[in-house]
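In order of appearance the chains are A, B, C and D, and numbering begins at 1 in each one.
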Amino acid sequence: MHTYTPHTFNLPELPGLSEKQIKAHLGLYEGYVKHINVLREQIAELEATDKEKFAYAIMETRRRIGFEFNGMRMHEYYFTQLEGEASPLNADSLLGKTVSEKYGSVENFIAHITSVGMSRGIGWSVFYADPASNTLHTAWVGDHELGQLGGLPVIFAMDMWEHAYMVDYVPSEKKTYIEAFLKNVNWGIVEKRFEEIQ
Amino acid sequence: MHTYTPHTFNLPELPGLSEKQIKAHLGLYEGYVKHINVLREQIAELEATDKEKFAYAIMETRRRIGFEFNGMRMHEYYFTQLEGEASPLNADSLLGKTVSEKYGSVENFIAHITSVGMSRGIGWSVFYADPASNTLHTAWVGDHELGQLGGLPVIFAMDMWEHAYMVDYVPSEKKTYIEAFLKNVNWGIVEKRFEEIQ
Amino acid sequence: MHTYTPHTFNLPELPGLSEKQIKAHLGLYEGYVKHINVLREQIAELEATDKEKFAYAIMETRRRIGFEFNGMRMHEYYFTQLEGEASPLNADSLLGKTVSEKYGSVENFIAHITSVGMSRGIGWSVFYADPASNTLHTAWVGDHELGQLGGLPVIFAMDMWEHAYMVDYVPSEKKTYIEAFLKNVNWGIVEKRFEEIQ
Amino acid sequence: MHTYTPHTFNLPELPGLSEKQIKAHLGLYEGYVKHINVLREQIAELEATDKEKFAYAIMETRRRIGFEFNGMRMHEYYFTQLEGEASPLNADSLLGKTVSEKYGSVENFIAHITSVGMSRGIGWSVFYADPASNTLHTAWVGDHELGQLGGLPVIFAMDMWEHAYMVDYVPSEKKTYIEAFLKNVNWGIVEKRFEEIQ
């Protein structure tokens, strides 16, 4: 069985996101990597112990793949976006042109993912492309797994769990966190994700 | 704004799935296509009417993209799998070899997606590939949007909502529906989906 | 450990809901009673086998109490409402007066629970009382456990899962099912539930 | 239309939970009170503006009652438990005797609600009584509304959202938060809730 291993992210200093915050957040990410493995091993162990008897527990443990897998993968999208050096979204890139066409301008696009990020509760502001119909969607995903768009490539992901910012900010300041996060994004990486799915 | 339009599926006779069943099911599919459009238009209308005043309704309407979009897209995966002519999963295809390596044999793989399909409640048995780590996952997705694996291509999708079979079967016969459905799958299409993401 | 046992409901003939439909529905209800017990026994068995090793499976199995318990209990509210003899909601009863005050009339109240019952997806139209603030709420509950109002007494519950009507109707006819169901309700029982929480 | 108003809680000093933490938490509670009102007013405004046209937005806004209502009410259970003066669960109270019978001892009961509180993700460890069958349930509720036991009185509620502790602790220390919280509970209030439903 494949075992997932945590990635190491090449993160610069991130103004507005403290070292303590990033360290706690990376620790949580590693918890998801650990638990997607725990989940899969647990199913294997239950099957080995008594597949019939523990059928219910196996089924209900398997139901949680979405939570643990996305808990891992979404954080990989998130931290990768902060690697290298912060750089603004280039209005002349394919992504820049495409979002400008849909949202009016690069600034409007940024305002839109911010606004979706301000949704009630905890989760993710996610920007997807739908290559089958040449469409873009910014969706709110509750927790890690409630509302993911099935089969669509993730182009951009912003973590809006309280753990993403509460070392540095209280919940009433979450917009300040969004602004700090967005200033630290290396949009070159996001642009490249979009180019690779064309 | 892009408007989604319902696909037409080239479906043969499907032993075990009556014409009345398929017709009702396709009607529901078209309802999802209609409602992903309704949802997006509704947001646009609310923004045009009073973006500030209706901020809450806009946010909560947007939260439902996952339900409507997946309700559309998952049915497209489902019905496409029935197009053309039923054909078994070829053990020598790339998919056949890959699932045999993971599950022991093509038969075990079929037994596994069946078993996941028998999960409590309504939803989907979904088989995903994770190209980033060369892994396969069979996951249960509740409703259409609870537990989708973010960013992963969908290789196979089996509808386990009651509407998929209750014209022909009562819920206690859902395993009979699964067997009927699986016999009608054109696995060539599923094999091709897997090849295309390599 | 307490074991839940299925209730027997004293159901009259129910015009618009066939015997086959009711039988299939009661079979599903008994499945929930069985599975709330299975769930609790499974946790006990896992704890007895190896509490440390299976900690993850125990936790994820426990998470499903809401689904199975409500799957049982909501059906008990539902079928009890059909016991005895159909009788309309009495406008002069305490419930009748209270809903008339909120919704304008008994008819408007019925129209409101119908409209909530027509919500997208499957679940329940539930009418709750909030004694702490002397308020009423009609809420949509997805599946059996998504959106229940914590701690509030359930006064009325209408099952909008497809299994509640698909023996008799296709999903596009679900409003016909609602009308048939509502005509069969013995509102005296609902009125009594409301009186008992005063 | 009834408007909910925030309660004021008579909180003593709470060792292990800082003033800043409690203040931020109370601010979030007031946000839920505000938003259950916003939600209901928004529906009323949409109905007044154009009930037909905005039917979809009305339905999807209404779907969120569970989140906002429970977001309010669960915090009221939570903070009320901290009012007055911390006092241990009395083994000779009715609650003490009842949980001892089920869990072996008062200490085991506390260990059990702690263990449920350590569930993956964010939500609540909730202890319910089921008077209809004289049973007790400790359940995990995801977010505020995923998995509530329908119709059951809430006897005890422990907030396991990250906002409940992240001013004082990082997520890897959440067990320390639980211990601090439990030491501050005035169990007399919890005992009384249980007595009142007999």
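Just a few scattered comments:
Note that in this section a contact is a pair of C-beta atoms (placed from the backbone, for glycine too) under 8 Å apart; a residue touches a chain by one contact, two chains touch by 3 or more.
In this text the structure is predicted, and so the values were computed from the model without any measurement.
Same-residue interface: chain A and chain B share over half of the residue numbers found at their contact. Chain pairs A-D and B-D differ in how many C-beta pairs they share in contact, with the greater number at A-D.
Annotation: the A-C interface is duplicated by B-D among the options B-C, C-D or B-D, judged by over half of the residue-numbered contact pairs being identical. Remark: chain A and chain B have CA centroids separated by 23 Å (rounded to whole angstrom).
Distance between chain centres (mean CA atoms), chain A to chain D: 28 Å.
Between chain B and chain D the centroid-to-centroid distance comes to 36 Å (mean Cα coordinates, whole Å). Residue numbers of chain B whose C-beta contacts span two or more other chains: 35, 60, 63-64, 67, 120, 142. Of all residues in chain B, those touching chain D in their complex are 35, 38-39, 42, 45-46, 49, 53-54, 56-58, 60-61, 63-64. The touching residues of chain A, counted against chain B in their complex, run 2, 4, 59-60, 62-63, 65-67, 69-70, 73-74, 77, 116, 118-120, 126, 132-135, 137, 139-142, 144-154, 157. Contact residues on chain B toward chain C in their complex (touch as defined above): 20, 24, 27-28, 35, 64, 67-68, 120-122, 142-143, 161-163, 166-167, 170-172.
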